[in-house]
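All remarks here apply to the structure that follows.
In order of appearance the chains are A, B, C and D, and numbering begins at 1 in each one.
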Amino acid sequence: MKIDLNADLGEGCGNDALLMPLISSANIACGFHAGDPTIMRRVCAEAVRRGVVIGAQVGYRDLVGFGRRRIDADPVELANDVIYQIGALDGFARVAGDRVRYVKPHGALYNTAADDPEPAAAVASAVAAYDRGLPLLGLPGSALADAAQEAGVAFVPEAFADRAYRADGRLVPRGEPGAVIEDPYEVVARAAAFAVQHRVGALDGSTVAVEARSLCVHGDTAGAVYLAREIRRTLEDAGVTLAPFTAGS
Amino acid sequence: MKIDLNADLGEGCGNDALLMPLISSANIACGFHAGDPTIMRRVCAEAVRRGVVIGAQVGYRDLVGFGRRRIDADPVELANDVIYQIGALDGFARVAGDRVRYVKPHGALYNTAADDPEPAAAVASAVAAYDRGLPLLGLPGSALADAAQEAGVAFVPEAFADRAYRADGRLVPRGEPGAVIEDPYEVVARAAAFAVQHRVGALDGSTVAVEARSLCVHGDTAGAVYLAREIRRTLEDAGVTLAPFTAGS
Amino acid sequence: MKIDLNADLGEGCGNDALLMPLISSANIACGFHAGDPTIMRRVCAEAVRRGVVIGAQVGYRDLVGFGRRRIDADPVELANDVIYQIGALDGFARVAGDRVRYVKPHGALYNTAADDPEPAAAVASAVAAYDRGLPLLGLPGSALADAAQEAGVAFVPEAFADRAYRADGRLVPRGEPGAVIEDPYEVVARAAAFAVQHRVGALDGSTVAVEARSLCVHGDTAGAVYLAREIRRTLEDAGVTLAPFTAGS
Amino acid sequence: MKIDLNADLGEGCGNDALLMPLISSANIACGFHAGDPTIMRRVCAEAVRRGVVIGAQVGYRDLVGFGRRRIDADPVELANDVIYQIGALDGFARVAGDRVRYVKPHGALYNTAADDPEPAAAVASAVAAYDRGLPLLGLPGSALADAAQEAGVAFVPEAFADRAYRADGRLVPRGEPGAVIEDPYEVVARAAAFAVQHRVGALDGSTVAVEARSLCVHGDTAGAVYLAREIRRTLEDAGVTLAPFTAGS
């Protein structure tokens, strides 16, 4: 049994140093929605030092909105924005002695690339143009998963231990009742369920299979560090090996 | 006899398509002082199609001021800004089937890195960290030339056919009388003097040796395209081979 | 008979000096989608010198995309962006001896505020908060017209001489066949029809009433200056007084 | 005895709500070095609610560098950047029912306008153009004080309780030994010395007269809130009235 833990880093929040030892893959912001060159360099160096895999967390060009606002970008422009961000981060990964090993969209781009085939194709085509060997990390069953396959790019499905699932395996949208799981014990238990049983309880009481090779750990609150530590400990106690998904099976 | 012709491209002006066939090295803006991802991708693709070598034209983060205003950046931040820009452009060079093959500072950064050891060292250390094999293109005898040597990075000196030189081989500063040579015939003649005789008439009437492996062609006016064409034709008529400096001797 | 001619100025294109003498109201970009403080100051000074009324052309914060990309901004943030832009331009209007006298959304914000009640309400509420006496200039029958009324702000309808209308008075969407009228003679004739007869031929051959107190003149091509001059001349020949809509009736 | 307490607010740090009740004048960031429209609106509303005077804290356009890096801006551009920022904040002050009542440069602009007559003149001329009645708040004896007088703008001198002074009344430059006073008791005592005796102990042991109508309270650390509270309490205990300098004497 093996799973990856991924978290967003380099966004200028204070938890980077605490989260880094707990995860196996770092989604590092590339300066469009958060981060700047100096943060990128420092986080890449720290990731390499810790043996954490570097991923490009690509977003809309919107520092003011933290990448949380959809921008109705032309697909060609969007693809080029993604290439720019991967290239920029790859420079710092190279300086740190490694390279970008996967790509994950952030915020509004995560959502539009999950729901809408056009931005999904833009993101996947950008990755394919940059390096067909880079996998995309995202939501199983999403438009991005389809676009990755179409573009000849590997797709790695992730799961969210703090989000409720519907019986069909989709996330309950934020804003709907019960969408976010607040109880830390339940979050930890669900993380173990994903990793060990590859399934989780759905909101309607049924059990749903979720094939995830990575768990996304949210890191923007102090409690999130505690939660990440508990998830890590619980998974290790359950005999799950925590390792980057890029390490192969 | 052999020389390189370099020009600034990808800055959003209209002469890119006319200048590209005339030059051997393109200094491509990386989005900090000018350019954007879509322009960068298009110009890289066109450079590869034309056999023009791709260089990263790195500048201060100042779109409003077109990189012409000195920013008193911390050397560490400045170095990281340079790495970011090289990496971003390298992504588009890679997509176009090539890579960034040299680095040249733009505008205010060109001047501060020529005059001041601290930003010069920041730029040179950034290039060394990214890829010690990338040469820096700049002003002979400048602080950047020294910093490149210190950092173990090759330095390629360039000359300006439209600028007056002092007897000691330095440029007459803009703003001083006679600093810019307006007469196109004289500019063309001086380009030939650099390439064939490796020297040029100084403002005081003496003759000064200038070792340049590249001529910088300014491209931001319509007249500049005409001038570049005349320089190219005159050099070819004089038996000078126009070839990228990266091609070796 | 009286009508206003409005055009977008201060966007960094070269036609400002040629258009200014031809129009009565200038929609001046406020630095979010185009323009910068120095352009804003110069254009305000020139408008005051020419007796042209200053309007704040407010847009999404997107210099790279020229405000042509919808940003899914929170309505509160959007309203605050609009207030910021009006205030900034009002400073330069004040320095020039006048003030901002109306507000017109630009590009993607023009379209979203025309179609969608939520951004329309954000724009109208921003204007009402800043100065309830400022009218909004926009598309008759739009969501913005409704939102202005709701917010207690005057709404001034404009017409487009180079756009086809449907029988119900709405514009034929760009991209549909016949949406843009290319023939300059027809454009000029339609301008006169709006001003004199308050109606125009629709795409289906019927005639449609369009109550417009201003005609929008597009200014981003050289031909547009010629067109604006012809429209002005033709309207004056037809006995139409060209005057700012803010001048009252 | 009467003095003003001013602090930087609206910079996106977390102490705004704690500092606001302690000060009499708020230097509110205008979106160039920090802040954004939504923060500006909220802080202006809160200032009005608390009876705190609104000042425009104008800076270089450098969000990444937090306005702490000198930008070698053309004086005309710099003046226009200042007008833009004052106007933008004045919009939110207006929405909140008040207006901008003074201007204070931030960070690198504070320093360059204190030391260098050219940017000082640019800032003072911008304020004079916008509204000659707005005072400038800054360092006594600075280039900005001279420029304000030249431009016909009132200048209000401020003092720093946590900075050492030389015998000639200038600040000991940061970086020199003893430049920053770390001991909170001493900081509080010096605040009282400025307010009550109009003089303070210099680094060389002498006593120096400092005419300050405002004390600058630094607010970017948690300890700073405590310090501001102690300063306020101590001044009140000493019979000093804390009131905005704009309130007249």
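Basically, a residue touches a chain if its C-beta (ideal position, glycine included) is under 8 Å from a C-beta of that chain, and two chains touch if they have at least 3 such contacts.
The model shown is predicted, which means the values in this text are computed figures rather than measured ones.
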item: For subunit C and subunit D, chains touching each; value: A, B
item: More contacts between chains, A-C or B-C; value: A-C
item: Length of the line joining the C-alpha centres of subunit A and subunit C, rounded to whole Å; value: 43
item: Distance between chain centroids, defined by C-alpha means - subunit A, subunit B (Å); value: 40
item: Contacts with 2+ other chains: residues of subunit A; value: 36, 64, 77
item: Topology of the chain contact graph, where touching chains are joined (line, ring, star, complete, other); value: complete
item: Contacting residues of subunit B [partner subunit A, same complex]; value: 31, 36-38, 40-41, 76-77, 80-81, 83-92, 94-95, 129-131
item: Subunit D-touching residues of subunit A, taken from the complex the two chains share; value: 36, 63-64
item: Subunit A-touching residues of subunit C, taken from the complex the two chains share; value: 61-62, 64-65, 69-74, 77, 108
